[in-house]
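Remarks on the structure that follows.
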Amino acid sequence: MTRIASIHRVPMRHPGDVSGVAALIEDGLDPAGIVAILGKTEGNGCVNDFTRAYAVQALSVLLAGRMGMTPEAVAERVAMVMSGGTEGGLSPHFIVVSVGETSAPPMRALAIGIAFTRDFAPEEIGRMAQVNATADAVRAAMAEAAIDDVHYVQVKCPLLTSERIAEAEARGATVTTHDTYHSMGLSRGASALGVALALGEAATVSDAAIGTDTSLFSGCASCSAGVELTRNEIVVFGNSPAWAGDLTIAHAVMQDGIDLPAIHDALRGAGLDPGGGQLAPDQAARLVALLAKAEPSTSGRIRGNRHIMNDDSDINATRHARALVGGVAAAATGRTDLFISGGAEHQGPDGGGPVAVIARKP
Amino acid sequence: MTRIASIHRVPMRHPGDVSGVAALIEDGLDPAGIVAILGKTEGNGCVNDFTRAYAVQALSVLLAGRMGMTPEAVAERVAMVMSGGTEGGLSPHFIVVSVGETSAPPMRALAIGIAFTRDFAPEEIGRMAQVNATADAVRAAMAEAAIDDVHYVQVKCPLLTSERIAEAEARGATVTTHDTYHSMGLSRGASALGVALALGEAATVSDAAIGTDTSLFSGCASCSAGVELTRNEIVVFGNSPAWAGDLTIAHAVMQDGIDLPAIHDALRGAGLDPGGGQLAPDQAARLVALLAKAEPSTSGRIRGNRHIMNDDSDINATRHARALVGGVAAAATGRTDLFISGGAEHQGPDGGGPVAVIARKP
Amino acid sequence: MTRIASIHRVPMRHPGDVSGVAALIEDGLDPAGIVAILGKTEGNGCVNDFTRAYAVQALSVLLAGRMGMTPEAVAERVAMVMSGGTEGGLSPHFIVVSVGETSAPPMRALAIGIAFTRDFAPEEIGRMAQVNATADAVRAAMAEAAIDDVHYVQVKCPLLTSERIAEAEARGATVTTHDTYHSMGLSRGASALGVALALGEAATVSDAAIGTDTSLFSGCASCSAGVELTRNEIVVFGNSPAWAGDLTIAHAVMQDGIDLPAIHDALRGAGLDPGGGQLAPDQAARLVALLAKAEPSTSGRIRGNRHIMNDDSDINATRHARALVGGVAAAATGRTDLFISGGAEHQGPDGGGPVAVIARKP
Amino acid sequence: MTRIASIHRVPMRHPGDVSGVAALIEDGLDPAGIVAILGKTEGNGCVNDFTRAYAVQALSVLLAGRMGMTPEAVAERVAMVMSGGTEGGLSPHFIVVSVGETSAPPMRALAIGIAFTRDFAPEEIGRMAQVNATADAVRAAMAEAAIDDVHYVQVKCPLLTSERIAEAEARGATVTTHDTYHSMGLSRGASALGVALALGEAATVSDAAIGTDTSLFSGCASCSAGVELTRNEIVVFGNSPAWAGDLTIAHAVMQDGIDLPAIHDALRGAGLDPGGGQLAPDQAARLVALLAKAEPSTSGRIRGNRHIMNDDSDINATRHARALVGGVAAAATGRTDLFISGGAEHQGPDGGGPVAVIARKP
């Protein structure tokens, strides 16, 4: 038997609406094969965005019922990565990632590798311990899934809380920051640099570079921090000669938020033709998922012109960035159900970010 | 002597920063030739957006000093149309429109026509009286400027206030709405339908159609309502065989918020080549202004996928729409100093809108 | 045996945190006795506030587990009314309302009456059919619980959706509005007027008065509309000579958003002494719940001075109103875990609203 | 002749509406006597709040016309301190502070002292150089105005900009922070500690304490940072035996955001009687100005209950704090035209702040 990856994209009417996932299972998708669910929910994507946890709770209850286990066991087994924020025209949706078997012979196709690091001590978060453990896990996932061509690495990583900091300091350990919000960025950044190390995108990384040296980055990493875990959970998306199926993945790196040519490169890499600029409907129908990172440039400028993202006290800067990149990606694809995510420390260059495309072969 | 239009686009560091306009005058622009200034300011573009009035005040004080007249006289003479909202990556800027003379022979070139309607009684706003007077004024501006090819009509129109409603009702007249915010949309809509009548885009209009029949629209109109005036002020942008200069204008109609091909059409119409999707730097440098209208679709969908613009109580729907269209237009042009404006009643189809491009000939 | 009402107020760390309710049950509260749970969650309290549904889902899962029934059965049995919005200093919390029995003799004490109307047809919502059915249900709840002194009536009511409107119109019926958001206000208003009829606060009501005649209101009603039901669910809080326990309830009507004396009246009515202005700590400890409605005045003024609530396009008017009334109520009580709710159509006078206080006797 | 202070509070219809100030001058107020104008404008009070600069520009143009000088000369002469944010029910208004002469004999009355520090080098901002110069200026203003009883010190102070930082570093100097937003807080904090030193509220201050040691604070200071100046401008409000008039001032320190008793203390200190909680109308009419600082507690709690101010990514924490304190102060006074300002580093204890009351004697 040969392994085969499937990707289903289903809309949600609200963050608790898992009827699309339920319908997939009713239509025959084996819930036991689900290894990850990515979701784009319609919250603010910032501190008080509870749409993410609400969606995870709804998914856990659904899958627990379908799989005959507790919601906690589901959460242990399936990587559920919710990204808040559907600014501009973005459309809320889930991306269900599952792995099955087929009697077809191996051929080069989309493959999924999963790995988890050990639990991190608080003093390891945002530091080289997290970088190195992430790099090891990425390599393990690649090896296990026989992936020789990585294009997208989704990492879910922990953050520091007041309790965790206190626990570490009671032992005499020191943490990298006392600002729990800032720890999210450092954990994402360390995770991304771990991906960069594993993929050879960076040769060396040091504690001092994490969160500061923007020249070091991965063009494949997409990291999100969550309070509910203490380890890194890693899903590697790539192509493998040992899998089967009609899906393929490619990626490119946007140099800034309006880098349409980079998105075109990723589309073409996955076998789609944007022609004069936007995918024609038949091509758009073969686009299974577009996953990109968005960030405001710290310079306050895009190609020399001032943007106001960093100075807006009414709308968070990351919301502006997602709206912008969402518009550019919709221009390229003619679709709005795109996974545009914010918080791109060491994930692409300053103001830019990775963009990956999964497509069905013709 | 032949008339010649010039368009200068200058950045602003904040809504009161008119140093870019001052520099134009110091560099030789005759302030007496300025007929209109459009501005994209960084407010919310909604009710309590004071960045627009702040910019107008700063421009009035500047021009009053340069022209030796009172700020009130400047406001009477120059149409100052501020559009709030630079969501996503949009960059705040002014577009200074001026008319001069040249000894060059006439050739087909960008021409600017100006006209004002009479003052409207409150009961005329949002009704056929406003439609017809606007249509007449558009025709007059076209005739005066010898424009035979209209591409963009900027209209500044009045709105109902509690005082104006009371004055009308004291006379026994009835107004079209008691909701002053709603009157803005009706005034914009009536103005746009006047443009549509003048340009032959609509054959007939009735009171009942204003604000309701979305099948009636102009593909050239861009209307904004302001409390400071009681007449319609109209600036017609088109090409004329009787003017001179190296500028030209074209337009297209976006069918929805992600209609990249329509933007490409407008660019090509103005002699720019978007090639594989985005203007190359030399082409982008010849783009003098892109002016577009953005609106959320009332269906709540874009090509079948749900958007959340109309349900977001944190960010106004028009802000999402500007961010989206701004992203799509930036994808096409490689620039972010674009005049994307909201509030598009009868200005393009539901969820879409006009897009005009002014470019310098090679 | 005599009936006895208990009220427990527990904090929540986030909208999905039901650990406080779980702890009550572990400490001996019989989950089968819970008749209602009110929650103040930290969303925006407007259209896209998913913290309410998230909290309901979390409560349903918890109670289903504790009571051995499905979450749906729990929702059918327990009225769960979540009010979003903890602006200013308000503190998120649940108020658990339960009914038990005691061997103590009857005495005048807090009593809880529950009633449901029949399901409404879409064309009945926001009209006299809903008013009259609500009035009947309030009377029934009062009779069943032997309440002769009503102070607070919590109503959960339905709203119109596009589907419900279409169903009605397919039958040839007409609905009161096609604006689904507006239907929430009309449903709340009709429900409040039903309470007013039942309590004799209004003598007659007509379809035309619903949503327009602000002189008609209930000083006891607190209504919230939800998409998940098609009937009205009613919880009447009052005092009864046939119940027992050490709780009592009183209310007053705030004439505007800064009516501190009205709050003092309600406190005193429930046996608490605000003394020079704010409850001393021992008195504040006896305050079991304060429930109030907040609304911006439509005049745009408070005692002659302009407020900006209705003109703010960044923050919804109801958020400002909750913040204001929350501050005034915190001034009176020295507490911030107060149930201040928005959307007060026909619930108190324009710009004001009911305030009820449940207190423990000394 | 004896010096006499006058305070006029006038409403504004929008941030550019200075008609109330114009009416004062037409009614006889000598514009040459105006020493300061405080304004509560309806912006967000944060980074992109342009209502402050808009109001200053409108005031400068008005006063320049009335006084026959340039707007720049007006800004040099009159301290114009705009505080953005009228959340909850707060009402936008100007407070015009002027000094004149009277033939009445000296008596204990409100007195106003003005002083300016020298210009600060960038490396001095947020450090002891600013603290000490502020302390000296406060003492000088007190001496000049013969104030022996200080209750409120308004300080307008500079901040670091990228240009100023670069200038300093080019000279080899180091600045206290590279985060320009953070420099606003440090400048406010250093200014407040200067006030505390001058008034004996703090015995010693060090560079290390600025921005970190919240136990050091002034109960009279109210500081705001602005980009348009490089010195500190100080307006001391107190009582003096050498002035005349029927105004008096008092103050108290709120220990948290719901400290109604502290507001009562300040009211009583100024001769007003809050009676059972709220000033009666005749007393409220004698309230000339209430000036208070508001800040979210860094603990995330108020008297043990969680607040959500610091976790809200939709509404800035300072906006919640102003709404809360505005509600509490409105409860005490029965008025909403109150000067509640955010950003209270070293201005009162953590989560609390100074509150000053200026009242007319009976």
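All chains are identified by letter, namely A, B, C and D, in their written order; residue positions are counted from 1 within each chain.
The working rule: a contact is a pair of C-beta atoms (placed from the backbone, for glycine too) under 8 Å apart; a residue touches a chain by one contact, two chains touch by 3 or more.
Keep in mind the model is a prediction, meaning the values are calculated, not measured.
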Message = If I rank C-D and B-C by number of C-beta contact pairs, which comes first?
response = C-D
Inquiry  = Using mean CA coordinates as chain centres, what's the gap between chain B and chain C in Å?
reply    = 47
Request  = Mind checking the centre-to-centre distance between chain C and chain D? Centres are C-alpha means, answer in whole Å.
outcome  = 40
Request  = Mark out which residues of chain D touch at least two other chains, giving numbers and ranges.
outcome  = 42, 44, 48, 308, 312, 314
Query = Hey, how would you classify the chain contact layout here, line, ring, star, complete or other?
reply = complete
Request  = Using the touch rule from the top, collect the residues of chain D that touch chain B in their complex.
outcome  = 14-16, 42-43, 48, 50-51, 53-54, 57-58, 61, 314
Request  = Using the touch definition up top, name the residues of chain C that touch chain D in the complex.
outcome  = 11, 13, 42, 44, 86-93, 257-258, 260-261, 264, 274, 276-278, 302-303, 305-309, 312, 314-315, 319-321, 323-328, 330-332, 334-337
Query = If you look only at chain B, which of its residues touch chain C in the complex?
reply = 44, 46-49, 308, 311-314, 316
